[in-house]
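Okay, so subunit A shows up in both of these, paired with subunit B first and subunit C after.
Showing the complex of A and B:
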């Protein structure tokens, strides 16, 4: 196994302490994330996903508990949290609303420039960011406000990728996009993860997307970490997920239902391709 | 952080005061403040203090929030208190340089502070127990006679309602944008004044863009529901009705008014009379 990059110990976040609106958003969560892995995070609205990811890059200080980035506590006094934010890139939900510059190029350069890089390095990073998000070179001089919704989203993601983060966190990066746009963006992210050997944390409501990309999955409910296991192991517990108001990929559900009807030797599958291979092996490849 | 700023605070509840008619609450609050300024004797102040505390208890909102509301006014209270203390023309029992300490001065300062405290408290009762929507609704109804001299009361009320409604939304939005820019390494806390002002650009531009977008969406949504301003066809979803609670509150306030006037006359402890 590769090295641990992020470690969380007993994270707790309480909002509005001492008011009638007091709420525990994250309740005693601990985990370890490794380099070069793709983590999926699922949970109902209000399960604490957004709070958790904002703690991971030091935007929000946990009420109690510790976060270690490469073994260092990020909330000690002399720790440089601005550098941390370049290392742990966070793409918020609807990131296109954060665009502000006159041109796409300048907007993507905002992060690298804040890191204090040289002009040549910044140009290189902008190029890289645009490449990873599949933005054509023609858009470089355009105003980000003239672009389509999907393109704006890409520019915003490129702005984070240009900082070349070792950990990339995305909060529902595909919300509100058409299916083709969704698939493209996810593939772009996957490509970045492979090339940079980065750790990606993907928050999503699409079980299909999680199943297709994640190697491990975190399940949050009411601020608690209910499951953290390999994708197959998590989706094998379909009934529990459904009870939490979540779901499993459709094909997984079909197989779970078949299992419930007496076909107990069926394995749990995550994608239609896997399902076909599994059925083929059962029938000896004979589809007649 | 920004979330801690509570503007137009309202604490939902079901107390007697919460259920009062907003028009009655606004009018009686004004009357109450008038009574506060009429009080001149220690006994009158005592009665008003008891009644103010009683009203606060009736709202069933923790005293902590009322005290928090007083905090920003601490300076003004101390300042007015001191002014009152030293500018009271009376026989001093102790004097340093130009500062004269007299019992009358001290009492007058205490009463002045008490008066401000009670005024703020009773206004807090109004804003804490009345949702912004009811507040502007009540105000609109009270000011309605002004439409006869062509004052667009309804439009003003609607603008106020929308503005109040969007304060928390815009605060939330600001926080989100700030976080998003911080995640891109923006630094709002260090550097010279010019640098810090420049650092606001990445927050202000997205904020304005989204405010305009929201305004446009809201306008379309209102037009889709056939909103056309103050028209004669428009009826009210919630009709305000005075109830027994409002009558009781009105009687209580009138009793206070009469009581304070009488107590001012009877009392030998009169302050202003000296």
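Showing the complex of A and C:
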């Protein structure tokens, strides 16, 4: 078993305490995340996803509860939260709106430079960030504002990867991108995760993307952690997810319906590739 | 009757740039529900922006609801006929109270007070948001905000509703809510042009237009368009998972139909397959 990298104990976040607008955004959530795993987070708008991820990298202090990064409480007085933010990288929704430097290179170098790294190391990190996000070297001197939407998004993600975070949190990194752009960015992130043995936390409304990449899935509803289990186990509970305003991939729904209509021996599947393997093994007997 | 007639549209954002639209021709009939697919930068949003005169073509002709769209057109009249809804609901909400937001355009148009109230009530009813009329807009969910944005457009009683990725920022429930509203308007006879990256949404339209590098690559009903899976994959698009499974089954020699889009269609085929009613070629 890998080591625990992040541990959350009884996290609570209450907004507007003592006012008529008091709202519990995150309600007593506890979990452990390991090194080298890919976590999916799903939940409808307002379920507490954004609040939770902002607490995980120390941007927001929980109202109560404790977060441990590698066993250390991140809210003790002497804890270095600046270093934590390099270790736990957070890519916000539509991160391209946060680009500001004159060139792609400078923008990606901003994080590593803030970490106080040498120029040599910064150059290396920029190169790495560009490699992981599939940005061509020709773009290095360009203004990020001249790039296409998809490229801008990659520059923004590269800037976080250049800090070599051990935990990478992404809030809807593929919103508004075409299918190929989505697949490329997610594959890039997967590659980073594997090479660096990092922990990735992917927040997404795309059940297909979560099914394709995550090994475990957290389901949030009304600030509560309703499920946290293997991806297959979570998506096998299709009806519950739909009741929560969520969904399961189309192919998963097809198999769940068939199961309910008398094909009890069908397993739960997450992708067309998995579906064909399962159908093949069920009907494979008559192959000549 | 055609409500959109585009002939050989060519458009460049600046004089020395590559054209974003390269001789695009397209006809849309009144009451059609057309989905437009294409990779980022394929020209689909640019095409949509021509429909209400945000962009004016460099070459070619465009007629929308009987109005010739060019530099001399009455754009205000055109925009009353062609309502546009964009991706980000937060950028489209102006007022702090739902009914005031829906009334915003009507106030600008100088619609009389009683008439305005009637139209706002109708529009809210149409998007199933009547009970939120007095609510604060900032408290709504993404799907609700997007439906309010649609109501604001509807209140102007447009002939055509053009939506540019209206569900990109929404959760699954919000997406379903918006699609439900579009189906309802379509049944009532509205012409709808929906730009989307979601294949399952496109599959629900009457017709799909696929754009690639400024040209129309495919144009036809969803079953036809999605049978061209190889071509769609080659231009960075995708097919619904049900369709993809049929292609994978074919590769394994199963004699399944390829024209499968919806869950129900896929379930029917797999039911036959599991019952041994579908043959298989030994490959």
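A few notes on this one:
The rule is short, and it goes like this: the second predicted complex is superposed on the first by the 284 of 288 C-alpha atoms of A that agree within 3 Å, B and C clash if a C-alpha of one lies under 4 Å from a C-alpha of the other, contacts with A are read in each partner's own complex, and residues count from 1 in each chain.
As a working rule, a residue touches a chain if its C-beta (ideal position, glycine included) is under 8 Å from a C-beta of that chain, and two chains touch if they have at least 3 such contacts.
In this text, all values refer to a predicted model and were calculated from it rather than measured experimentally.
Looking at the shared chain after the overlay, A:110 reaches subunit B, while subunit C stays out of its contact range.
Residue contacts after overlaying the shared chain place A:82 against subunit B, while subunit C stays out of touching range. Set side by side, subunit B and subunit C differ in how many residues of subunit A they touch, and the one touching more is C. In the overlay built on the shared chain, the residue A:134 is in contact with neither subunit B nor subunit C. Contacts of A:46 after superposition: subunit C is touched, whereas subunit B is not reached.
Shared-chain residue A:258: touches subunit C; no touch with subunit B. In the superposed model, A:163 makes contact with subunit B only, not with subunit C. Contact with neither subunit B nor subunit C is seen for A:222 once the two complexes are overlaid on the shared chain. In the complex of the two chains, the subunit A residues touching subunit B come out as 20, 54, 57, 59, 82, 85-86, 89-90, 92, 95, 97-100, 110-111, 114-115, 145, 159-160, 163. For subunit C in complex with subunit A, the touching residues are 38-42, 87, 141-143, 165, 168-175, 197, 199-200, 236-238, 240-242, 244-245, 248-249, 252, 263, 266-267, 270-271, 273-274, 276, 280, 282.
Subunit A meets subunit C in the complex at residues 43-46, 148-150, 172, 175-182, 205, 207-208, 245-247, 249-251, 253-254, 257-258, 261, 263, 266, 271-273, 275-276, 279-280, 282-283, 286-288.
Within the complex, the subunit B residues that touch subunit A are 11, 176-177, 179-187, 201-202, 205-206, 209-210.
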